[in-house]
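Should a chain be cited, it is by its letter among A, B, C and D, assigned in written order, with residues numbered from 1 in that chain.
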Amino acid sequence: MNTVIDSGIVEQHNAKAMANLEADYAALGGMLARRGKDIEQLTALAQTFAVALPSWGVGTGGTRFARFPGPGEPRNVFEKIDDCAVINQLTRATPLVSLHFPWDKPTDVAALREYADRYKLGFDSVNSNTFQDQLGQAHTYKYGSLTALSAESRAQAVQHNVECIELGRALGSKGLTVWVGDGANFPGQQNLRGALERYLDSMRGVYAALPDDWQVYIEHKLFEPAFYATTIADWGTSFACATELGPKAKCLVDLGHHAPNTNIEMIVARLAQFGKLGGFHFNDSKYGDDDLDSGSINPFQLFLIFNELADASARDGEAFKPSYMLDQSHNVTDPIESLMNSAVEVQRAFVQSALVDRAALAQYQQDNDVLQSAQALKHAFRTDVSPILAMARLRSGAPADPVGCYRASGYRAKQAELRPAKAGASSSGIV
Amino acid sequence: MNTVIDSGIVEQHNAKAMANLEADYAALGGMLARRGKDIEQLTALAQTFAVALPSWGVGTGGTRFARFPGPGEPRNVFEKIDDCAVINQLTRATPLVSLHFPWDKPTDVAALREYADRYKLGFDSVNSNTFQDQLGQAHTYKYGSLTALSAESRAQAVQHNVECIELGRALGSKGLTVWVGDGANFPGQQNLRGALERYLDSMRGVYAALPDDWQVYIEHKLFEPAFYATTIADWGTSFACATELGPKAKCLVDLGHHAPNTNIEMIVARLAQFGKLGGFHFNDSKYGDDDLDSGSINPFQLFLIFNELADASARDGEAFKPSYMLDQSHNVTDPIESLMNSAVEVQRAFVQSALVDRAALAQYQQDNDVLQSAQALKHAFRTDVSPILAMARLRSGAPADPVGCYRASGYRAKQAELRPAKAGASSSGIV
Amino acid sequence: MNTVIDSGIVEQHNAKAMANLEADYAALGGMLARRGKDIEQLTALAQTFAVALPSWGVGTGGTRFARFPGPGEPRNVFEKIDDCAVINQLTRATPLVSLHFPWDKPTDVAALREYADRYKLGFDSVNSNTFQDQLGQAHTYKYGSLTALSAESRAQAVQHNVECIELGRALGSKGLTVWVGDGANFPGQQNLRGALERYLDSMRGVYAALPDDWQVYIEHKLFEPAFYATTIADWGTSFACATELGPKAKCLVDLGHHAPNTNIEMIVARLAQFGKLGGFHFNDSKYGDDDLDSGSINPFQLFLIFNELADASARDGEAFKPSYMLDQSHNVTDPIESLMNSAVEVQRAFVQSALVDRAALAQYQQDNDVLQSAQALKHAFRTDVSPILAMARLRSGAPADPVGCYRASGYRAKQAELRPAKAGASSSGIV
Amino acid sequence: MNTVIDSGIVEQHNAKAMANLEADYAALGGMLARRGKDIEQLTALAQTFAVALPSWGVGTGGTRFARFPGPGEPRNVFEKIDDCAVINQLTRATPLVSLHFPWDKPTDVAALREYADRYKLGFDSVNSNTFQDQLGQAHTYKYGSLTALSAESRAQAVQHNVECIELGRALGSKGLTVWVGDGANFPGQQNLRGALERYLDSMRGVYAALPDDWQVYIEHKLFEPAFYATTIADWGTSFACATELGPKAKCLVDLGHHAPNTNIEMIVARLAQFGKLGGFHFNDSKYGDDDLDSGSINPFQLFLIFNELADASARDGEAFKPSYMLDQSHNVTDPIESLMNSAVEVQRAFVQSALVDRAALAQYQQDNDVLQSAQALKHAFRTDVSPILAMARLRSGAPADPVGCYRASGYRAKQAELRPAKAGASSSGIV
């Protein structure tokens, strides 16, 4: 297996970190043992965790006001794969990459697959893009894609999704994520019901092209780029559409795509209950679709989501297998660092949720012991599982401290030399 | 037909108002004619409008901090019917009353029906109450009703709903509205999925008791009294449950029960599209479930909701018949005045929505003429249809100005004498 | 005076519209007379209304996802002035233009002033831009401008604002609007208090450069581009800073820059009371800083803001002179049409607010007649003052229907020929 | 010193808990030592922490829909003091009680002071109540208190506040907290500026009655009971008023009184910077003024608030002394348990904030190392300081596990016998 960072650097890093880590691990192990928990089981569990990387996440993001590029940004899909390989090498938690077409469309699909395979990276669900007009595109999406009143725009959008399925198939992917920004900026701009009818009609065309072992994930979002009415704005619409389309259609939950004050973990519980939870775009937010690093704003919410996932797993067993992906915009950090750190934060919530004593919780609930049932969750959340995560990495060949090791490796500085910035790429100026 | 206000007072009022009204009506008629609209058609349409009254709305409401009672509040269901009769006499827009049990439970159902019938008042859907414990109640709802882990509490809640159906049947009602405040105040308090499973199980029991020509309306609400997770919190959950239960189950939309920034008219469009729009609780709000007078905070939103209803009517014809009810809390106004005024505001939105030129709108949309499609709605909304509403009342036997006529009648002062306030009723002190 | 649209087109348009307009005007005049209002006074008042145009508003806007350009977009500040001249010619409500530097920085300031003067266009407050890095800029704003920890970045940002004042002075402007996107995306990124201390220090430098008859407007915004903590996030911070800086510093209210559910008209009342209301950026929004056309989403809110402005004018007289500007992003409409229409919507709210019977309102309030005090505002808002606005335009030499006349003029089609699109300008691709 | 719970029960409890606690404490101590932190310093710091108890918090709360009473609720201020004494005995973190008048108005002030003193309980700021009408009150607050248009209502409200100061003085309190629900439910109901002018005028009267060593805390709240415009709705208004009134007037921050998405820790930073941070009402919320247990919904936010407080302490030293109080409504838990648990949660955030390495954080910020500056906070927050809190309690004579010990004591069951419920107290029925 190829590695991007020299494995000697990882070993050297871990050699230094080992003494402290083992001491912390033993201390935590003792504390857990006194609560009747086996740290080794948790570490083994942590090692099973995986969350996919978004190919677009390794570049610096921005807002409509500006983009402030960072050094050494990847300039094509192969360089993006390199960066993803770094992240997976240093976390062992991100073995899959999610591509976005046409941004990542390769001229030689087989070569791309082989390139990733050398890093032992696979491909998660592929993403279509009908929220932008590409150069030379025949029909505009200015007034909608899958929902456009123009039959040509709709057909083009369906055809693009079908092409994405074909590309994904060649890459070994098993899913298609469909997010459309379609909607209206003003009351009256669209017939709201007509738009959803056209969406369903278009999606039936996409659905028909799905291989038997594929799923299509419907991603909803409250607003942006549409600012009055987004066609797929909430989980209710997503759920109704997935139900209409059939068993291969499921719902995707992005943590930043909800109205203020929404209880997202309850949406997770509902979709799990009705068999339509397809997957996640993990990130965090305070205001809107802020696309901040996972767990950076409200880590307890992330834990509560994983608490629902643990509950669903306990109920539904192997049948319950939602797809996990990061979806973040890194505007002021090194994207590789943010993605490593975010993968670890999601993994943290996963391990913490395994600490919940579900039998005790059920009993507290049965007894209407509200305070203790709440504390059962808080107790798990409060546990600092950092030594478990570090030990899991170490045992999987990754460094105890991914960011520290990454910085020591000098990877970014080297890429800054190898990948000079494109001129004029600095600012968008769209306001 | 009995009337509460002496009809001479109405006639006298209208005699005075007539000259100005006729002049305004003629002026508006001319303006509409120049836009190709026939004012007489609109007036006839306005006369067909009806919205039900909530029996609990004729008393003064309050908050958890305090209730400031008003003079002459009704002390029993018969006095509530009297007040509702005033509202309908003076607006001719509120021929039905919606009762709430056990608050309004009569000892003699037939006598109540006859009492209302003398005013030509009928009964809209009945409302069950499992959000409070009643004196002498066997099992508490402190930890839930239809979703309680206690089988006894659940059975009691189901039985109460079945009893409401029986009472409603005897009163000539055709629907049951089920709102439960059930939910959790803290993460962990409830298994979110388990709570909904119990809800569905309980509701199957209620559903089984519905007569063939009845409907049950599921009312969702984001929060309050549950402050972390409400079991029926959003339209998605309401829709999924109504689908599970069967064709007699529909969704009820209360305008104050949504997350901030929610596009309510889109929810209306979605429920209409999927055949599950059962009815409305009209009111207005700026923050939460504020239960303010309809149209008082965001009248354009009320119009946009009626614009969707007009679209659904145009598509689905007679099959589309959602139930309209006011649901407001009148804390600082005379409840009769607020209800009259609110009925008129809802009727106003209904008439304004009929002014939308749907053919022109469809053409603007087809042409992606966003500005003119938005203006097509604004043009209708901007039209001051007050003379149409006043003339419709006049032709139906009601006064041009309901509030003015009501004040002239001295009804409230008379009730203040007849209905002395209960001692100690002033403050709740629940904080 | 130069005109962009041939005045014959306007005259021809008005000749056709006149008969209907006069009939509508007479009808409305009669209705108002019956309410004791003189339509001629209102029309004269409407003619005095003015709102400034944002130079950046005449181009097509976009989001971080995409920009879909329209035909004939202006390519420099002179072409922007041409488009603004069209808007003012056809509405007579937009005699001032607000420039944005360095976007609009002219090589020859005097030539620009003369160019605008030929259209009788003046210059409103100038806007600085420290939220983007310009090509060749010495110090980056990636980590802040006026608040940056880098002394060089701060000094550069101060110097840019001082240069804006100098440019504005040469153009005849009397104000500087300072909006900074500075802030943090993550807890910990900034010392919140330190950032505001640096802001104040920088602003003292800017303030010191203000001519005696100038004002500086501090514009706050809840979020975007900073997604965790924006330094100038709310009116409280804006007010505290304006107080610290001195009498020439005032607060600017943009309608889309507040937390959900905020009562904006109350902020207007507060700033007016404490003497710090500097001006407005008018637009509308449903979710965030959506920058939609004024009055398109919540026209009653716009009216309520003008109701406060009317109250402040009645109290403070001539001393109360806030600056009005449109600030919108036109993503799916012709920007000229949206700006014309928006100027008319703001003017509409201004005229409606003059219809409020303030003496009657004060008496209702004094009597705690809550219902009638609310109706006093609704009555004014419901009045369709369109004939007044059209007649005011006509008397000022503008067309009854600006959009209709503009379309008839063929201006956009002509510009589409004269101003070919820049290649590759279609999409931002910042996600 | 009197104790409510037999001290033998506490000793017995701690004897059982000691072995595990010492092991956990040693394990954590080792982990902290490896990070360069001294656990003993943190434990000593924890012992200094204090937060006041709200007298109204020891009874069961409710909503406008219902109140579900619990067993053994206190029936007068002496029984409330008993319950508060339990909380302080078992946490050693709540030595002060905050009274609410007239609810807690004693017939014999000296006796009440002596009664509390026997428990070594003191009195924090006193609270006035002008949001309810009391039986026999001369003038109603239905249309406002300090802001009422009625001069009699205003004078009565001022006089009540002055009386509260006198009562507080006799009790040894040093502050008055003024929260008024005054405001409007409808646009037009109030002249917004007039209401605040009257508020300031009334408050000048209250301010004049403050002893030299007192402070008055202005508490703002976005909405409820006023549902359109609350006179003191946001920190900006609170700050402007405190500035107008003088140095003894400060602002009080209740965590549930803000618009959705508000960054509360930034408000804390602003008020600290401008010298106007008076104190806190701690609680937690997901939607509105939910008054849930502190730290139960968003514990990271609580930590971030204490991070600002730690920053302010580091800057301003002893001069910075805001007042801390819990303000919660306990609807489904034992109020004593919730208050003990909440005191511990606030203490937890206090101790965690002391773990932040401020020098390292400042350096990361200086270097624009955004990721590590964010991690510096997360690292502190993630640390499970439970053993520190337990050891601090133990050393102060309280039990390791307050809730466990309380349950073992049988206090509630005993009170249920001694304090039979008032008949008819079950439901409010205000909707």
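Definition applied: a residue touches a chain if its C-beta (ideal position, glycine included) is under 8 Å from a C-beta of that chain, and two chains touch if they have at least 3 such contacts.
Please read these numbers as outputs of a predicted model, since none were measured by experiment.
Common neighbours of chain A and chain C, by the contact definition above: B, D. When chain centres are defined as mean Cα coordinates, D lies farthest from chain C.
Distance between chain centres (mean CA atoms), chain C to chain D: 43 Å. Rounded to a whole number, the gap between the C-alpha centres of chain A and chain D is 39 angstrom. For chain D, residues touching at least two other chains, in rising order: 142-143, 185-187, 189, 222-223, 228, 260-261, 263, 286-287, 293, 296-297, 300, 332, 368, 370, 374-375, 378.
Shown here, the protein chains touch in all possible pairs. Interface of chain C with chain D (complex): residues 142-143, 149, 185-193, 196-197, 222-223, 228-229, 233-237, 239-240, 243, 258-263, 265-267, 269-270, 272-274, 300, 304, 307-308, 311-312, 315, 361-362, 364-366, 368, 370, 373-378. Remark: chain A residues 20, 23-24, 27-28, 30-31, 34, 260-261, 263, 286-287, 293, 295-301, 332-334, 337-338, 341, 368, 370-372, 374-375, 378, 381-384, 386, 403 touch chain D in the complex. Within the complex formed with chain B, the chain D residues making contact are 56, 61-68, 103, 131-135, 140-143, 181, 185-187, 189, 222-225, 227-228, 260, 285-288, 290-293, 296-297, 329, 331-332, 424, 426-431.
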